[in-house]
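First the structure, which I've put down as structure tokens, then a few questions once you've had a look.
Chain naming follows the written order as A, B, C and D, and within any one chain the residues start at number 1.
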Amino acid sequence: MKPEEIIQRRVARELKPNSLVNLGIGLPTGVARYIDEHANVLFESENGIVGLAAKPPEGMDDPDLTDAGGGTVSAVPGAATIDSAYSFGLIRGGHLDATVLGALEVDENGLLANWVVPGKMVPGMGGAMDLVTGARRVIVAMNHTAKGAPKIVPKCTLPLTSIRRISLIVTDLAVIEPTDEGLVLRERAPGVTVEQIVAATSAKLVIKGDVPEMDLGVAAAAA
Amino acid sequence: MKPEEIIQRRVARELKPNSLVNLGIGLPTGVARYIDEHANVLFESENGIVGLAAKPPEGMDDPDLTDAGGGTVSAVPGAATIDSAYSFGLIRGGHLDATVLGALEVDENGLLANWVVPGKMVPGMGGAMDLVTGARRVIVAMNHTAKGAPKIVPKCTLPLTSIRRISLIVTDLAVIEPTDEGLVLRERAPGVTVEQIVAATSAKLVIKGDVPEMDLGVAAAAA
Amino acid sequence: MKPHLKPEDAAKLVPDGARLMIGGFMGVGSPHRLLDALAQSGKRNLTVIANDTARPGVDIGKLIRAGAVSKLIASHIGLNPETQKAMIAGDIEVELVPQGTLVERIRAGGYGLGGVLTKTGLGTIAAEGQQTVEIDGETWLLAKPLKADFALIAADQADYSGNLQYQLTATNFNPIMALAAQTVICEPREILPVGMISPDVVKTPGVVVDYLIERAA
Amino acid sequence: MKPHLKPEDAAKLVPDGARLMIGGFMGVGSPHRLLDALAQSGKRNLTVIANDTARPGVDIGKLIRAGAVSKLIASHIGLNPETQKAMIAGDIEVELVPQGTLVERIRAGGYGLGGVLTKTGLGTIAAEGQQTVEIDGETWLLAKPLKADFALIAADQADYSGNLQYQLTATNFNPIMALAAQTVICEPREILPVGMISPDVVKTPGVVVDYLIERAA
């Protein structure tokens, strides 16, 4: 299984039936593929839609129905479109059950940096600060390292996205939960050892007893 | 002509073509009768409609189409209905060209009291404070006196509706404009003398030269 | 599909002492059947946040008459002498708030804002005891957010998933309150299959609605 | 009837140095023809308030490429490298604002609020130099109102009196900006006789719109 698929499958299992979820552009978007369609997880996009669905069939797209990256999408029956103020009312008012987004760094305090590399990359925060500050659960979905360098670090060196602690980190190696005691290692990816995770992490990890393997919702043989 | 009609006719002449106007319940509502229908003055009501029109024919009213007093109304073609937040966005954001409302007292500083008589009448301010603070022009339409007592006073004894100076006072006796110099007597009602106005006013009036008679937009004979 | 209830069963969800937002403007756009059931259910000590209390014995006026309300946050009670009497007698604690400020406070509660700054009421007795904020030498009044345990709202149409559409001046506070309460109960005029309300006409996405009141038997 | 203009004539209304709000999200729901005309008109020193600058040479990206913009207030410029280059070169002064804060600031401008209080950005570099407000021991960030000389917006349908209706995700910032500018110019997809848009579907009452862009010849 590709690292991306491990992350996406594992994140998918975090999303509760009947919840409202925002998936960031890129890797997080792919999480939708692995959601049980009967779970009635509703996706929203901050540009103004509740009930986002996958890309439309070729030639059936509408330029006025897009996601936050500007790409055309489709929608589920019962979707609602909203203006930007209402959209961020949902996000900031605690109506969004979960947001799934990427990170440049996460640190021991569970703080996230994902919007700027000063002097190099200044794309703007878009809705990231609102999402990380306002969503009920903030789930970081990312590769554990970038070009071999740990992304889970003692203290973020890059500017923070929010001073609010995120809820969960899901990588291709591990599931880690920021808590008052620090970053608790909850699960290992299939075939990955605790030692490998520790080696790939520069932050201190709290390890309590046996660390189980991730349940990816697939038969062991298929994995 | 009845005192009420004098006031309503004179206020009607203050309302500019293509403007958006809020008329208070009661005497101000009757101003609409005297507006030239080609002037395209648009009326709004703070309970959520732009394009309010007169009462519907008997049996043709809809319980979901009402004014701020809860009475059924009709609407002009091109009316728009809005929620309460948007409604007060129009009022407070400077989009309302004029509000016409009654007063208990107006004082030499052009300040208005119209929402409460402590210990006696506590109806609540409803939208009055928003209207007086937010509308571009605030026009007070009222009888000059109440049971013989002046309502235009040196200083309001009742709690203020706003610390913002109103734009114009139109009564059955006079048109008075609050200015930096004080309350300037602009016009007299037909047949009323300056002396009569001064006698009915406990506030100091600024009187400059000749005070013309109100133009009520009716032929002299009809008046 | 959104859970759906009879008015009397919805009333049972509301405990004594609950804090309620109730949609409507002089009863127009209020959840009439739900208020009936609530008034009959013998609740006590309710806090009601609403524009007004309608007229005596009508809509929210029913709750007032039933003695169910101990605290009221509203902009206008002038057309309900029973509310005024109860206030003067000390039976109901009344906080009067300018209407535009009231709706912004409810919106702030629903939108996760710490408050909004307004000129309305500044320097009047309606601002007494309230915090002001200086910005660039100008003084503004802080309007703090309002939230509630329940929003009892009315809509014109709902679909099975709880998407709501409102009509004419029955809209008023309803869509704003739908975001500001823990539990949202909506009484729609009619309930339709999913897909029958255009996404652009939906004013309250069903995801924020918890219960629909069933049509009258 | 609302005055109606060709895009090139509307562009003439905008002077050099004007402060513009421009609707759209990555170009979706932007007034395409009006932006074309504006980019071709050789304006200079414009301040643009918008969610983003689309992609290079597209919609607002056209104004960037034409060198018309000297100041930008936006939430995201990541998909337009030309904007980033101009920012780094010092040709465009860029203020980056969290998207939810940006839209609330525009709304506050249009609604006559002195600002709103938010947690978004608090404690980050995006809050540097900004005022905070303490309420009941809690710290909030003050988001100050934004206003503009012109709002250049797009709508799906307009009627002759300027009532506007928006479609799907082309809605975004358009209805909010329609209240926050001195002069509002709207480019609708189609223009209909008065009465053909239901009052409940109108999202921007015509009374706040100043000009409509005529349909393409």
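Here are some notes:
Following the convention adopted for this analysis, a contact is a pair of C-beta atoms (placed from the backbone, for glycine too) under 8 Å apart; a residue touches a chain by one contact, two chains touch by 3 or more.
Chain identities (UniProt): A, B = 3-oxoacid CoA-transferase subunit B; C, D = 3-oxoacid CoA-transferase subunit A.
No experiment lies behind these values; they were computed from the predicted model shown.
In terms of the distance between Cα centroids, chain A is separated most widely from B. By number of C-beta pairs in contact, A-D leads when A-C and A-D are compared.
Centroids of chain A and chain C (each the mean of its C-alpha atoms) stand 35 Å apart. Centroids of chain B and chain C (each the mean of its C-alpha atoms) stand 30 Å apart.
We define each chain's centre as the mean of its Cα atoms; on that basis chain C and chain D are separated by 32 Å. Multi-chain contact residues of chain C (touching two or more other chains): 104, 107, 111-113, 118-119, 166-168, 171, 199-200. The set of chain B residues that touch two or more partner chains comprises 49, 81-82, 88, 92, 134. Taken as a graph of touching chains, this assembly has some other topology, since it is neither a line, a ring, a star nor fully connected. Chain contact summary for the complex, chain B toward chain D: residues 20, 42, 49-51, 75, 77-82, 88-90, 92-95, 134. The residues of chain D lying in touch with chain C in their complex are 104, 108, 111-119, 131, 133, 135, 138, 140, 142, 144, 165-168, 171, 199-201.
For chain C in complex with chain B, the touching residues are 25-29, 51-52, 54-55, 74-79, 84, 87-88, 94, 96, 98-101, 103-104, 107, 118-126, 156, 166-176, 203.
Chain contact summary for the complex, chain A toward chain D: residues 45-49, 62-70, 81-85, 88, 91-92, 116, 121-130, 133-134, 159-164. For chain D in complex with chain B, the touching residues are 107, 109-113, 159-161, 163, 179-180, 194-195, 199-200, 202, 205-208.
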